[in-house]
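The next part holds the structures, each set out as structure tokens.
Next come two complexes, and both contain chain A; in the first it sits with chain B, in the second with chain C.
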Partner chain A sequence: MTIAITTQLICFVALAAALVLGALGVVLLPNIVYSAFLLGGVFLSVAGLYLLLNASFVAAAQVLVYVGAVNVLILFAIMLVNKREDLSAIPGLGVRRLLSGLVCGGLFALLLRVAFTTPWALPGPLPVGEEATIRIGEHLFSDYLLPFELASVLLLMAMIGAIVLARRDVLSCDIGTGEAVDQGLIEKARTPLLLDRSTP
Partner chain B sequence: MLSTTAPGAGSGLDLQASVETTLQGMGLSAGAAHLVWLPLPMVLVLVAAVVGVLVNVWLERKISAAVQQRIGPEYAGALGILQPIADGLKLVFKEDIIPARADGLLFTLGPVLVLIPVILSWLVVPFGQHLLISNVGVGIFLWISLSSIQPIGLLMSGYASNNKYSLLGGLRAAAQSISYEIPLALAVLAVVMMSNSLSTVDIVDQQTGAGILSWNIWRQPVGFVIFWICALAECERLPFDLPEAEEELVAGYQTEYSGMKFALFYLGSYINLVLSALLVSVLYLGGWGFPLPVEWLAGWLGQPIDAPLVQVITASVGIVMTVLKAYLLVFLAILLRWTTPRVRIDQLLDLGWKFLLPIALVNLLVTAGLKLAFPAFFGG
Partner chain C sequence: MDPAPFQLSNGVPLQAYLVLAALLFCTGVWGLINSRNAVRVLMSIELMLNAVNINLMAFSSYLDGQLIRGQVFAIFVITVAAAEAAVGLAILLSLYRNRDTVDMERFNLLRW
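Up next, the complex of A and B:
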């Protein structure tokens, strides 16, 4: 075995172990902040696996999108609302855990069966390596153009929705409760905070 | 410090091949020689980064003193050049405190997560045609994605400190980092579009040819300003140092840290500053290029460009030019820090989202149009 193959094997084992243990931690740990940080670790291990498969562009995109954006936003949300309180116990927790454990175990067994019965083409197609960036770009602007544009429209809709929900002054009544919005509570962005001479 | 990924891509010294041949001449097998070679460039770049930080700290102390009409450090060595080492030693010997109600594990992991992506990013900084650790194809994109890991470390340390100032500082740092990443990436994208490549070596290669006139700063003046503002914001330098605004937040996410863990933050922010300056010089100021092309100079002096001695001289000039350009930008950043007031958080977010982002988008559009209209000048 050459040095390169040994290194690849060690990296694969380490990354796979980090991935599986991290994912288990995300699901099983009671502390939601730990789960969120471990999720970042899982995303990073996936990026490492992409690197091992010679897909460096996908790996970098994975880190940028999942670790840099998705995971940071999750953490943001947790830290803005987290009050460090213990949640009250849900009735029938044991049964729920047993049931969800059974479902997960069944799914795992099913996937294992699929993985072992599928005739994988080994070795697969040759990795394109550095050409991948160009290849992805060509696909995005030819046969994957419609999904690409649809995804951008979807994101735009989500963004406009978030802005409408956050800016209550465009609505006269609350969407959730139907009550009138107290216009006095809304901070006017254009009003200077310190130079307000209108109040005596 | 070099790669063999691009054989024949321009001329240049091949240090790796010569070192490995020498080692094999001493009786080592090819694999063993490669193993001995592998850690050398990494260690060299790590040392270069740390020395860069020491120089940076000294410059910061001296320039801030000059701005405020003081003398600054002068007893530790000539002109106080040993002062940063004294600073570092002090931090090493300080007691390492973990606050009683803090989360010990995350508290320790936070500074490490801040430092590692910054050091990893040095992978793609070229000091010459072959003088970089790895000429990876995704080059500059790797740096952008690595720098997006940093906010997680900041959030982690802010949360684990169990201190409201730390948490607010960490949240501010992450918000700032996310908002300025977007115009930064768009500014880089315009350069990448002109170079037809993400690789840092290709980006510099595209700027050689006519010396100073072919540098990207003339073709991308708006992109240069956007990139520099965003880089300062990413490094949390004044006027954008809100996450550690000492008058408002004690010291932000660093409040509870002392000793070596604090030193990691300190090191991380200064390495990041040097790295950003290096990348500005790579993207906009011609990287290792001399203001006059070295090929012309060699031609006027009647020397063949491929001669070993000329090669050594060009490589040295390349390193000196890269470092010189980077430190000119660092000087600018330090001067900015000691002369400008801090922006408010709403002004910071306004600037990022309502000004820099639209301008960066327009810059990208104009670059694309110019590239189609004048392919000869804008890298068709």
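Up next, the complex of A and C:
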């Protein structure tokens, strides 16, 4: 993609600002629904960065998979577990936040040092630009064929596993009498098995 | 060879992408440690995976421009992340049904 350098810089700064602010909002906002929508904004900014890096196919995959599937899935999960509960205060939360902030700051400093002291072999080979999609297709069906096929098996396993884990315990026939029970999609009221009895 | 890779007249430098990805990753780690809501923990994991993807894509574009292997890796990471999100949310839903809460501090059944 041939964009003027100034335009590239402006786009990068705008996308980076949206990305960082959105990520901070995701972890800091008290309302989880706002976090989920900001996460969608973060995914879209990442897709914009991919477009800046001449990767239109991966940008499209990012929008389709992350914004279209993962974010919607997270929103559905929020709706399904939407119970407004006041989290009980636990001792030492401030200290824990401070300490983990220090650890993350240290990790960030380490990564900065790695990024700025490593002698990257720049400039590398000339980017392929718009032919990237063709190259990805060639990779997927030649030297990355085995991971590609394994990914399909993994997705099938994940789909079946998610269905098994998340399905409701609705039985089509009564276990005791063996008669068909017309309960349709109504979830049976049942007592949670693993309730914590010690703390209210 | 380019004598000054940091000059902004060459476009966005590689290091800018690396710094951005590092910031995103550290934000994800902080959120992963400090979130009380289990859904937010899954969101933090997605942030970290996206940071890794940004790194892969930047390296693929700047250092491996002909064989863009980083982009193929990014596609595989996206695939695995989608599977992880589906299974993670299913586990979360089952956990919520059994314990009636999404508070991470109360998922301590296996803790000593």
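The rule is simple: the second predicted complex is superposed on the first by the 158 of 200 C-alpha atoms of A that agree within 3 Å, B and C clash if a C-alpha of one lies under 4 Å from a C-alpha of the other, contacts with A are read in each partner's own complex, and residues count from 1 in each chain.
Keep in mind that, in the parts below, a residue touches a chain if its C-beta (ideal position, glycine included) is under 8 Å from a C-beta of that chain, and two chains touch if they have at least 3 such contacts.
None of these values were measured; they are calculated from a predicted model.
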Clash or fit, chain B versus chain C on superposed chain A: fit
Just checking: does A:68 make contact with chain B only, chain C only, both, or neither of them? Give me first, second, both or neither. first
Output check: A:120 vs chain B and chain C. Expected answer is one of first, second, both, neither. What do you get? second
Classify the contacts of A:111 with the two partner chains as first (chain B alone), second (chain C alone), both, or neither. second
Of chain B and chain C, the chain that contacts the larger number of chain A residues: C
Under the stated touch criterion, which partner chain does A:56 make contact with: chain B (first), chain C (second), both, or neither? first
Would you sort A:165 into first (chain B), second (chain C), both or neither based on which partner it touches? second
Which superposed partner A:40 touches (first chain B, second chain C, both, neither): first
If you stack the two complexes on chain A, which partner ends up touching A:146: first (chain B), second (chain C), both, or neither? neither
Applying the touch criterion given at the start, work out whether A:95 contacts chain B, chain C, both or neither, answering first, second, both or neither. neither
On the A-aligned overlay, A:80 touches which partner chain: chain B = first, chain C = second, or both, or neither? both
Once both structures are superposed, the least CA distance from chain B to chain C in Å comes to 14
Across the two complexes, what residues of chain A are contacted by chain B and by chain C? 57, 61, 69, 76, 80
Under the definition above, what is the set of chain A residues touching chain C in their complex? 5, 8-9, 12, 16, 19-20, 23-24, 26-27, 32, 35-36, 39, 42-43, 46, 49-50, 52-55, 57-58, 61-62, 65-66, 69-70, 73-74, 76-78, 80-81, 83, 85, 87-88, 90, 96-97, 100-101, 103-105, 107-108, 111-112, 115-116, 120-128, 132, 135-136, 139-140, 144, 147, 151, 154-155, 157-159, 161-163, 165-166, 192-196, 199
Residues of chain A that touch chain B when the two form their complex: 2-3, 33, 37, 40, 44, 56-57, 60-61, 63-64, 67-69, 71-72, 75-76, 79-80, 129-130, 133
Help me check something: in the complex, which residues belonging to chain B touch chain A? 31, 34-35, 106, 136-138, 141-142, 144-146, 148-149, 151-152, 155-156, 158-159, 167, 170-171, 174-175, 178, 181, 198
Residue numbers on chain C that touch chain A, as the complex places them: 1-2, 5, 8-12, 14-20, 22-31, 33-40, 42-44, 46-47, 50, 53-54, 57-58, 60-69, 71-72, 74-76, 78-87, 89-94, 96-103, 105-106, 109
